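Shared between the two complexes below is chain A, which pairs with chain B and chain C, respectively.
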Partner chain A sequence: MSRKPYVRPVSKTGWYFKHPRYLRYMSREVTCIFIGAFALLMVCTLERLSKGQAAFDSFMAALTGPWSALGLLVILAFAVHNATSWFNVTPKALPVQMGEEFLAGKYIIGAHYAVWLVTTVSVLLFAGVF
Partner chain B sequence: MKERLVQLEVMRYDPEGDTEPHFQRYEVMCKDEWVVLDALNAIKESLDPTLAYRWSCHMAVCGSCGMMINGEPKLSCHAFLRDYPGVIRVEPLANFPIERDLVTVADDFIDKLKRVKPYLIPKEKKTLAEGEYKQTPAQLMKYRQFSMCINCMLCYAACPEYALQPKFLGPAAITLAHRYNQDSRDGGRDERQEVIATNEGVWECSFVGACSEVCPKAVDPAGALQQVKVASTLDWFKEHLLPGGSPK
Partner chain C sequence: MAKSNKPIFWSLFAAGGTLAAFLAPVLVLLFLLAAWGHAPSVLSYANLHAFAANWLGKLALLGVITLFLWHAAHRLRVTLHDFGLRQDGRVALVVYSVASVGTVLTLLYLIRI
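What follows is the complex of A and B.
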């Protein structure tokens, strides 16, 4: 008897629509584009700053319109989604063994949120927001 | 004992006559406590003796009866019919070639499993007279979870990376390599790292996490793979940045 295994075709582009868990993964991966966009914006801001006070002020003024605010809010929302989805999987990559037991994942995740909060508040304090 | 008529749509493929698989519908009286494997056995015994599928232990230990049940990789001996109210669609495990009906070709997985040397390579050879290789409970706990793998291949069926890049070593093989790398009695880490800390190995994984969601033994292959990435990265830093550094 001859063998004739059948190989099922795999969609290279639409596979992530096959299950909600794949869409969840793609939402984490795709949202990094918005973080990249914000990093680019920061680079542009630094470039303007290097050109002097007037160039920086006019660039910042251009970012105060409603569309810019909306864009920044969208970036913030996606950045939060990206960061939290990574925080929530950190116990898998960084298990902490204490004797025969492992530290519960919620403490490892919580530590990431705590560092995030402290860093954010520190930056806002340094920037004179409070 | 409650019984109900269950409809199953089973993927059929006869390599001697078919050019591609097709679905065949069966109706079979099933008891409330039956699993999908029981329904398949009932079909084979009373309706269609030509139906081909693998199974052995019927208790989620042997890892033979993995199938796609309503699109989800499951052990058919662990999938209770009462959890599936409508027509149940049964297909061979995704991402593997179909040999016949629900039987897949597992050669690729077996080959990858061999390559990672999933066995203890003693750090120091001992004679029988020198006694056993001892280990503390804490040392055991470091790898115990990963030793629960039953090679059922459900993680490969769930992994989109494996579907798109068949050269990927895959979740179970790398997890088993990690299991032995974590074992305090083992000395084979360098040999395994040559296989798993590669582009075809752990760096092909993009951490979808589906492998851990479908694992019937809660092994958490996704966790194992991320831990291998962390360890491999530390190896690289030790080798390239430390004076006289070596990953060993």
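What follows is the complex of A and C.
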């Protein structure tokens, strides 16, 4: 080891601003904050649901409005970002070997997007949106 | 070989992330419609109660909510390290505790419905 090792100064808290690739990485990681917040919102919804109709209806009334709509829109954006970034790495996470060759990544990604579309439409149908 | 609890938390993270990828956008959309004043019929008290009263509905809600929670908890633990918070032990304790409490509360509310 050298006597004066060069230690490259790296900010512990701001390193991800140094390169767009790092920023894209962080944008994928922070989706978990929004998934977690939404999970807690669902826990609260269940709590209100278990307390009866009056409690549930006032909760849903309190949820109606531009600010919660804006918050949910931000959560939706990060949820979509989690979905697309998750599906786009599936060829690396779930490689499919066929004989000597590996199935091209676009088919694995495409299959995930197709299932995502079917799932989304099914839930919307079940929820009575259409 | 040294024993590690990492595979448990990692598999919950992976399962939750996959489930969130397929389901989180559409579920958030349902709440967004409600916030916008166009609540879908499933978010009415009668319909949601009927869904959560059914054992299959309970299982679906339990699976979705708890896996979302454990996915977020594990990823947040790693992300807080990336943000410069170098106290992994404490961070892990806090995030996994929140996920555990959320899991217990979800179970409790589902049993009450």
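Here, the second predicted complex is superposed on the first by the 125 of 130 C-alpha atoms of A that agree within 3 Å, B and C clash if a C-alpha of one lies under 4 Å from a C-alpha of the other, contacts with A are read in each partner's own complex, and residues count from 1 in each chain.
As a convention for this text, a contact is a pair of C-beta atoms (placed from the backbone, for glycine too) under 8 Å apart; a residue touches a chain by one contact, two chains touch by 3 or more.
Owing to the predicted nature of the structure, the values given are computational and were not obtained by experimental measurement.
**Q** Put chain B and chain C onto chain A via the superposition and say whether they clash or fit.
**A** fit
**Q** In the superposed arrangement, which partner chain does A:Ala69 touch: chain B (first), chain C (second), both, or neither?
**A** second
**Q** Given the touch rule stated above, what does A:Thr120 touch, chain B (first), chain C (second), both, or neither?
**A** After superposing on A, A:Thr120 lies in contact with chain C but is clear of chain B.
**Q** Look at A:Glu100 in the shared chain and tell me whether it touches chain B only, chain C only, both, or neither; answer first, second, both or neither.
**A** Touch status of A:Glu100: first partner only.
**Q** Can A:Gly110 be said to touch chain B (first), chain C (second), both, or neither?
**A** Neither: A:Gly110 stays clear of chain B and chain C.
**Q** In the overlaid three-chain picture, which partner chain does A:Phe38 touch, first (chain B) or second (chain C), both, or neither?
**A** Once the two structures are laid over each other on A, A:Phe38 reaches chain C alone.
**Q** Under the stated touch criterion, name the partner, chain B or chain C, that contacts more residues in chain A.
**A** C
**Q** Under the stated touch criterion, which partner chain does A:Tyr16 make contact with: chain B (first), chain C (second), both, or neither?
**A** A:Tyr16 sits against chain B and chain C alike.
**Q** Quick one: is A:Val89 in contact with chain B, with chain C, with both, or with neither? Answer first, second, both or neither.
**A** first
**Q** Give one of first, second, both or neither to describe whether A:Val30 is in contact with chain B, with chain C, with both, or with none.
**A** The answer is second: A:Val30 touches chain C but not chain B.
**Q** Taking the superposed arrangement, what is the smallest distance in Å from a C-alpha atom of chain B to one of chain C?
**A** Scanning every C-alpha pair, the shortest chain B to chain C distance is 6 Å.
**Q** Please report the chain A residues shared by its interface with chain B and its interface with chain C.
**A** The overlap between the chain B and chain C interfaces on chain A comprises residues 12, 16, 29.
**Q** Report the residues of chain B in contact with chain A in the complex, numbered from low to high.
**A** 13, 15-16, 18, 20-21, 71, 94-95, 97-99, 105, 137-138, 141-142, 160, 163-164, 206-210, 212-213, 220, 222-223, 226-227, 229-230
**Q** Inside the complex, what are the residues of chain C that reach chain A?
**A** 16-18, 20-37, 39-43, 45, 47-49, 52, 61, 64-65, 68-69, 71-73, 75-76, 78-79, 82-84, 86, 102, 105-106, 109-110, 112-113
**Q** Chain C touches which residues of chain A in the complex?
**A** 11-13, 16, 26, 29-33, 35-36, 38-43, 45-47, 49-50, 53, 56-57, 60, 63-65, 68-69, 72-73, 75-76, 79-80, 82-83, 86-87, 112, 115-116, 119-120, 123-124, 126-129
**Q** Which of the residues in chain A come into contact with chain B in the complex?
**A** Touching chain B from chain A are residues 1-8, 10, 12, 15-16, 18-19, 21-22, 25, 29, 89, 91-95, 97, 99-102.
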